[in-house]
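We just call them A, B, C, D and E in the order they show up, numbering each chain from 1.
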Amino acid sequence: MESLQHFLLNCFSQHSGLNSALLYAAILAPLIMGGLLIITDKLPASTEKLLASIGFAIPALIAIWLWSLYNASLGAPGIFNDGGWQFITTFDTGLSRLGISLKLGLNGISAPIYLLAGLVGAAAGFYAFNAKVENPRVYHGLLLIMLAGLMGAFSSIDIFFFYFFHELALIPTFIMLGLYGGRQSRSIALELTIYLTLGAMLSLTGLIVLYVKSGVNSFDLIALTTQLADKPLPENIQNYAFGMLLLGFGTLVSLWPLHSWAPRGYAAAPASTAMLHAGVLKKFGLLGLIQIAAPLIPMGAAHWAPLLMWLALGNVLIIGFVTMAQDDLKQMLGYSSVMHMGYIFLAFATLSTTGIGGAVTLMVAHGLSAALLFMLADMIERRTKNLDLGELGGLVRQAPTLAAFFVVATLASAGLPGFANFWGELTIFTALFGHSKLLAAGAIVGIVISAVYGLRAVSKIFFGEPTEPMSQFLKTNTITDLSAAEKRPAILLIFALLVIGFFPKLITESINAGARRLYADKPVMTATAQPTSPVASTQASH
Amino acid sequence: MIDFMFYFLAALTVLSALMVPCSRNPVNGAMFMIVSFVGTAALFALLQAFFLAIVQVLVYAGAVMVLFLFIIMLLNIEKTQALKVNRGIAALSIVAFLAMVAAVWFLFVEGRAGPFPALPAGAVPASLTKHFGYELFTKYMLPFQVTGFLLLIAMIGVIYISKKPADETVDATADAKGANR
Amino acid sequence: MIPSLETYREIAQLNEWALILPEIVLAVIALTLLVAELLLKKSRHPFISLFAILGQVAVLALVLANFWFPPQLDVSLSLFSGMISHTANGQMMRIFFLLASILVSLLANSYLEQRKLPKVEFFAILLLVTASFMLLVQSTHFVMLFICLETVTVGFYVLVSYFRSQNTSLEGGLKYLIQGALSSSLLLFGIVLLYGAGSNPGLVGNVAEPMQFDHLATFISANPSHPLVLIGALLIISGLCFKMGVVPFQIWVPDVYQGAPMPVTAFLAVASKAGGFFLLMNLIKGPFAALDAFLIPLLSVLAALSILYGNLAALGQYSPKRLIGLSGISHAGYLLMGVTAALTIPSAYSAINFYLFVYLFGSFLVFAVMQKASPDHDALHDMRDYANLYKQQPLLGMALAIGLGSLAGIPPLAGFLAKLLLFIAAFQAGLYTLLGVAIFGVVVSIYYYFGWLRTALFRPFVAPETAHTIPALTRGQLVFLIVLMTVTVLLGVYPGSIGGLLF
Amino acid sequence: MSIGLNAYLTVAGLLFAIGFFGVLLRRNTLVIYMCLELMLNAANLALVAFSRYNLTEKNPMMDGNVFVFFIITVAAAEVAVGLAIIVQLYRKRQSVMVDEIAVLKEP
Amino acid sequence: MQTPVTLLFLILLIPLISGILIGLFCRKQGALAMVLSVGSAGLQMALCLYLLWSEAWDGTTIHLNYEWMRLGLFSFNLGFLFDKNAALMLFVVNFVGFWIHLFSAGYMKDDEARGRFYLGMSIFMFSMTGLVISSNLMMMFIFWELVGFSSYMLIGHYLTKNAANAANKAFIVNRVGDFGFLIGIIWAYWVFGTTDIATLQSLVAQRPDLLITPISLLLIAGVLGKSAQVPLHVWLPDAMEGPTPVSALIHAATMVAAGVYLLGRIYFLYTPTALDAIILIGGITAVFAAICAFGTRDIKKILAYSTLSQLGYLVAAFGLGTEYGHRPEVIAEHGANAAALFGVGAANFHLTTHAFFKALLFLGAGSIIHALHHEQDIFKMGGLWKSMPVTSITFAVAVLAITGVPPLAGFHSKDAILYIAYLDNPITFYLLTGTAMLTALYMGRLWFVAFWGKPRSVNASHAHESSWVMLIPLIVLALYSALGGFMVMYPRALHFLLHDSVLHPEGASYTLMLAISLIAGIGGLVLAAVIYKPGAAEDRVQQKAPALYAFFASKLYFDEIYTFYVKKIQDRVAIILNFLDLFLVGGLLVRGSAGMVGLLGMISKLSLTGNIQTYVYWFLIGIIGFWLYATGVF
């Protein structure tokens, strides 16, 4: 009995190899299930569904499990410190001579994103069962492969595999967009592919610069960090490298003015794909900037930060206004997603612990809320066959739950307290204000803008009486409220948003620890006093 | 004397070679070609490569050019298709030719490719046929064998291509379609 | 027990022919085929091609066994008075050509059968050409090189025109013939100039056998800037550029690819291009090593031009064969970038080799699908034939996706890793501008590769009854595709799985 | 004897240039092909000349001559295959003019 | 200390739990939701009263802090700051809140979506309680937004287009205010290193130089939104689209007073300039809204404008009192600590009494509307004295209270404000006095027209008294409206603020104030009776002086200006930017470069002529290029 207890304790401790193995499992489970689904074509539908469910559920469970085990307080704080990675495990794929090996692990910043990937993956996956597509087997299979890529990208310590898994997730996106997408998806899929490939290639080049110029000839982030902490790259190389990474990652994250793929792409993509892409995959570029680019090439980051701030302000303000002008719900959500990236970029550009903390928090929150919104928009579209805000109306009477969820999601994304997004935005504004009052004020205008377009959409879709086209439609069709299968993924996401909204510490503790390992506190407060109360100061000493 | 012979043969070779592309009728061209080859063979002889001179006459002037002539006659082209040269192309190719002549001048006449050794005295191994045999079956054994297979390929190829297709798929409309696509 | 180096040397001295056994066996098989055709009854003729394929597989097994057991030592044994040299790298190239030849045979078997074309001649020539290729890339003497190259070239003249009842095939043959002969002449004149310069007693460092690579290397390192050396080297490189399809000697590619029968196109695209690169690498590792400063700018420019030309001209192509040809030009550009990098960063050689293998698998996947999708007269094959491909044959769609994805360099497929390694090498060598051009090229290439895939995979835009009907896959074709797909994915994900073959 | 190596090389170079000129100028496949042979011939002449003039005591210089032997063989084989293709094509197209044999092109 | 903290926790969490339960289980079970929500409000009130009446809390400030989140330099704390100010507000919120809950049990009996309604009410009670006891500005901001959300949810309760527009307007206008508020908070955070109110107070005391006017003004922006001060007042009249109990609770008694509460909570954070601004805004709002009240016939809108006007009063009162308290001679007389609270006292006293009588007015209006089947036009009412006696009497009490007739509650509190205005700033004094007169006038208009005379519509003639569930709250609130000026009505803990911190006139001033009040109040009512005639069927001002009525009804074109801004500026900018985004970024940049590449592709394809003769020139070019390179030309 005692030995069993010991065994269990051993298994579930931080240092257990089992947990590292779970990182592989989170990649392999969806990958294998996805592969099986794509290749086989003679399985009964129920078996297919079972396989897909397993593939969707395992990463989420593993993510939650590892999340609960992740210990933010391990490792000492410091600007350049290879600590903070936990559950590290390495597998040689045959390229170790080139400094490439499959090295997985989580740190304070990637762990929350990993959790996000698991949760949104599960939600998107289970929602996909509702989709009425021609060949659901392949659809689920592609989603599973995408999920595998996501789980891999966010748990990779090796930059090569970080990129590799991202692309692994990106390719199914293109295919799903083409196979199952909506209007004009053929041409949009092509445009998206080229655009994102360009971004990916640029960032890859930046990563190659790091690989070569660092002198370690390794893609291992820990090795690179150690090396570059001792021997930083010359400033001009830093500037070029960061510029390349910024351009590349910026394209992937839809930094203004490199954003034009996003709204069209999301408008055309099938729901679960849009959920996974807008919610999770897009965070890859940000994570690349936060985890790799700025910590490894700080001078380059500082060089580019001022420009980045103005571009990001373009995201918030210009795209904010553009969002207001949208008549198509999904298009609007796409633009809104682009707009919110502006906040994250702004926060990143402060290059401070506070900013990064806010950025990562908002990344998680935005991932959840954006996925939720795309899912709900799809639910609306499936009921009304229409996404034109001018033609929808009065849906609340037929589908009150849908309306309630939509309101919740809209307000969450508009930064209402009680939802996770609020913490991110609040922290970001605070960080930004310490940097530039003007930029902060500009960014805070965004809270009004997002309320304007969000509520406008809510009132147009749900309130009032059905419009003329709607009532025509209602004559021949009935609109039902959400089914249980539709509710479940939505509730999962709302629940996550609320839990983080009420107990932000759940994620901010590790994010803070992660940010403190990579960035410095700045600018230092002007004031007399150290922040706040005695209780706080004891907490802060960690 | 040898100098004169060289100049004579060189002029003969070059001028008749020049007539190959410049003669209206391919048959005439082939004839000039034979002259040029024979001239080259004579130059070989001047260089004391007698065996090669013989081979050159036998294989080139004898076999290859006869084959050419035979084909030209067989296809009976000169009647149906006269020399129609696009003026632009003619001008371009003449310019190109002159450029190449300039290059030759630059390299060999002006002597940039030098230094050029003087004619060495002493025995010339290439003048003896047995040296060829010896080299071919010792040092050049492998290329020699490969050459055999090269000829085999050529043989199979010529036979195969020239044979009338028996029962192959012939898509008669395809060519017309292909021309339009 | 692993034989020592001495043992090898002894074996070599005792019987050099043993070390070119694979080539000999191939030649013997080719001869056997010709004889068997005469002797066997017509009903038995299918066995001939089977024999040819199995024979090649056996030779491949032989080479592989020789490669792994005992493990290759990276030594070179000079054979046949310096005509060829036996090296580990050479073994790898042999494997490459054998693989290509086996895959071509498999493609050709169904291709020829479907069009009722004679098989024996094809296989005989194919085997001889393959053997020549294998000798070509091992040759260390220009005479050997030229003879082998000509054997290959003449073989290709015949193979390209093999569909003799079709104008297009013959026209392709003629175009290849004239341009090939022209390029051979250039190459030959280059060899002659090098020979003349190298043996010139007036020059310091003149050598006894200037056509032998080692001797030539000695001479060139002593006279790296003599006009004849430079011009000769460039003329030789121009001949190789023709084989590789590098600008400005690329112009034959699309027409000949389109005209040639599908398996021959595949062989041209893969083996001929790889042959050129293997030769170029041999040359710059050996005789031209001292010309690196001279060659780097030139090769960079050629690489950049090839990438740009190939990718741009491939945009909006409706003929898949032409598209593959033009994109092949851009691949030649990427490879040439690697070669340029290899002049300063020797580790790039392995990257190039890896790229070539990946290119082999990816290309054959695509060619297999193309052959399935094309009409009998395959010069007329165009994009319209791909409408509804995925719907009719999902596996073909997947194979096309994986093949094109690998060619485009998209993870997790092998093509990505290959490109990445080349790019890293280029970056290490400081070829920044070229790298920028290459990245531009990759992005442009996505347009046509993905456009092709889009036609094949995404929603049909033609009514099912007007779409080109694709015949069902046979069991063998299924295995063929699955093996290639697996290899392409596996090489990208887990390159360690194929052992120390490449790294 | 005043004839130097460069004289022979000049002849060879001119022959090569003439051959190339013919390829550039003519539309008749057969003539083009003859011109290509001329270029090979030029290489032969250069080889023989080099072999003769670069001869030294310790260096017998047979390579060039043997090479010429090989080249002649190769040329013969090439001509055979080439003519076969041309003849076969002529049967189909009734033409040997390159600009009339241009089905394979960009549409 | 343990007990009060526990009680506070309970008071805060009870509505949250009720809300969660309703949200999860009672969306369809309206009755159960009602029981839960009303019950929780009752429990809340009971606990609150226990806390204040019993000696559980000794009146000392309770200050707790717990770090809830930390990211880099930014730390966010949750905590309580429970002082006398908060205690008063808590009392008002819970006390009025419960009675309105009870009222709504009757009022909303037939509503389809009672679950949603009570969910909103519970969330509101939770947020408002949280707002009251927040220890720091960030936390306050959270609840500030949450009350905005519950307001949004409840305004939109009826799901009509108008309701949706009103709800959106309320939320967005509040967001505009919050925009400034948030900047102010963050600015304060960067300047002082904290937003903890108690710490801020001590910091400002130590380093007055750190306090700068922009921070003060930005913090006022929040008040503008939440308390609907000019120019952000436009949402409040529209917010009457919500159910009447909501209007009573949120848009009259409590939430809109949150702005005033905030002013008092951070009274030390205002520079003199900011105080001037506060007085100016408050005064303008008071007068402006009072004028607007004449231009509408809707009973709830009249009350809404009245609320606006009274809120202006409160804001002005705070400004005046605080400014007065800053005067050296006043500090000399009363001591700095006491003087500083004059503004808070005056504002909060009136806030409290206003909560009672305004809630009463709304509930009375609700009772009428309920009885008249949602008839809201006062000119279609009439004759309610007979059919609805209890409602009428309680309504009369409220009218008299708001007009400031002694000795009702309104008299005491309004008196204190006028007195402090009299002491501090004569101009404002006249302004506020005039407003008091106007208040009496429009309340008189409402009262005489709606209750007197004969029923003027079918609905009015069928009116009947509401059920006791609705009447009991009316009676209780009437009691407080009547007697709210006397301290016996309040727990001892509140006396400090309601009595000790309020300057009441004495002696000659007292007589003057009394006279003014009487003239303004009674005079206004009489004048109203004269002008509008009790029981009139039409607005006599509209008939006799249409221009004047049109002026009243125009509301100074604020709505039109905002609509103009939204439609002609904001929307157009959005459309233009959208076009530029599509044209420049998506079109020229993306498609343009793609087009360039495509063009280059077509050019390069021109090389593939199919003619060998042109192909051999490529070889020529290659050879020439190589030659030139080898000979060193390149």
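One rule holds in what follows: a contact is a pair of C-beta atoms (placed from the backbone, for glycine too) under 8 Å apart; a residue touches a chain by one contact, two chains touch by 3 or more.
Everything numeric here is computed off the predicted structure, so don't read it as measured data.
Undergrad: In how few steps can one go from subunit C to subunit E if every step must land on a touching chain?
TA: Each step joins two touching chains, and the minimum needed here is 1.
Undergrad: Tell me the fewest steps from subunit A to subunit B, where a step is a jump to a chain it touches.
TA: Minimal hop count between subunit A and subunit B: 2.
Undergrad: From the centre of subunit E, which other chain's Cα mean sits the farthest off?
TA: If we average the C-alpha coordinates per chain, B ends up farthest from subunit E.
Undergrad: Let me have the rounded angstrom distance from the C-alpha centre of subunit A over to the C-alpha centre of subunit E, please.
TA: Whole-Å distance between the two chain centres: 36.
Undergrad: What whole-number Å value describes the gap between the mean CA coordinates of subunit A and subunit D?
TA: The answer is 66 Å.
Undergrad: Could you work out how far the Cα centre of subunit A sits from that of subunit C, in whole Å?
TA: 43
Undergrad: Can you give the whole-Å distance between the Cα centres of subunit B and subunit D?
TA: Computed from C-alpha means, the inter-chain centre distance equals 4 Å.
Undergrad: Among the residues of subunit D, which are close enough to touch at least two other chains?
TA: Counting only residues that touch two or more other chains, subunit D contributes 9, 16, 19-20, 23-24, 27, 32-33, 49, 54, 56, 61, 64, 66, 70, 74, 77-78, 81, 85-86, 88, 92, 98, 101-107.
Undergrad: Name the residues of subunit E that each touch 2 or more other chains.
TA: 594, 605, 608, 610, 612-613, 616-617, 620, 627, 631
Undergrad: I need the residues of subunit C touching at least two other chains; which ones are they?
TA: 143, 147, 150, 154, 157-158, 161, 164, 167-168, 174-175, 178, 182, 193, 200-201, 227, 231, 254-255, 379, 447
Undergrad: Which of the chains touch, listed as pairs?
TA: Those chain pairs which touch are A-C, A-E, B-C, B-D, B-E, C-D, C-E, D-E.
Undergrad: Could you pull out which subunit E residues touch subunit B in their complex?
TA: 613, 617, 620, 624, 627, 631
Undergrad: Can you check the complex and tell me which residues of subunit B touch subunit D?
TA: Touch list, subunit B to subunit D: 2-3, 6, 10, 13-14, 17-18, 20-21, 26, 29-30, 33, 36-37, 40, 43-44, 47-49, 51-52, 55-56, 59-60, 63-64, 67-68, 71-72, 74-75, 77, 81, 83-85, 89-90, 92-94, 96-97, 100-101, 103-105, 107-109, 111, 113-114, 116-120, 122, 124-126, 131-132, 135-136, 139-140, 143, 147, 150-151, 153-155, 157-158, 161-162, 175, 178-179, 181.
Undergrad: For the complex, give me every residue of subunit B touching subunit C.
TA: 107, 112-117, 138-143, 146-147, 149-150, 152-154, 156-157, 160-161, 163, 165, 167-171, 174-175, 177-178, 181
Undergrad: For a test of understanding, state which residues of subunit A touch subunit C in their complex under the given definition.
TA: Listed in rising order, the residues of subunit A that touch subunit C are 38, 41, 92-95, 97-98, 160, 163-164, 167-168, 171, 174-175, 178-179, 185-186, 189-190, 193-194, 197-198, 201-202, 204-205, 208-209, 211-212.
Undergrad: Residues of subunit E touching subunit A in their complex?
TA: Going through subunit E, the ones touching subunit A are 27, 65-77, 79, 113, 136, 138, 141-143, 145-146, 149, 152-153, 156, 159-161, 163-165, 167-168, 171-172, 175-176, 178-179, 182-183, 186-187, 189-194, 196, 199, 203, 206-207, 210, 570-571, 573-575, 577-578, 581-582, 584-586, 589-590, 594.
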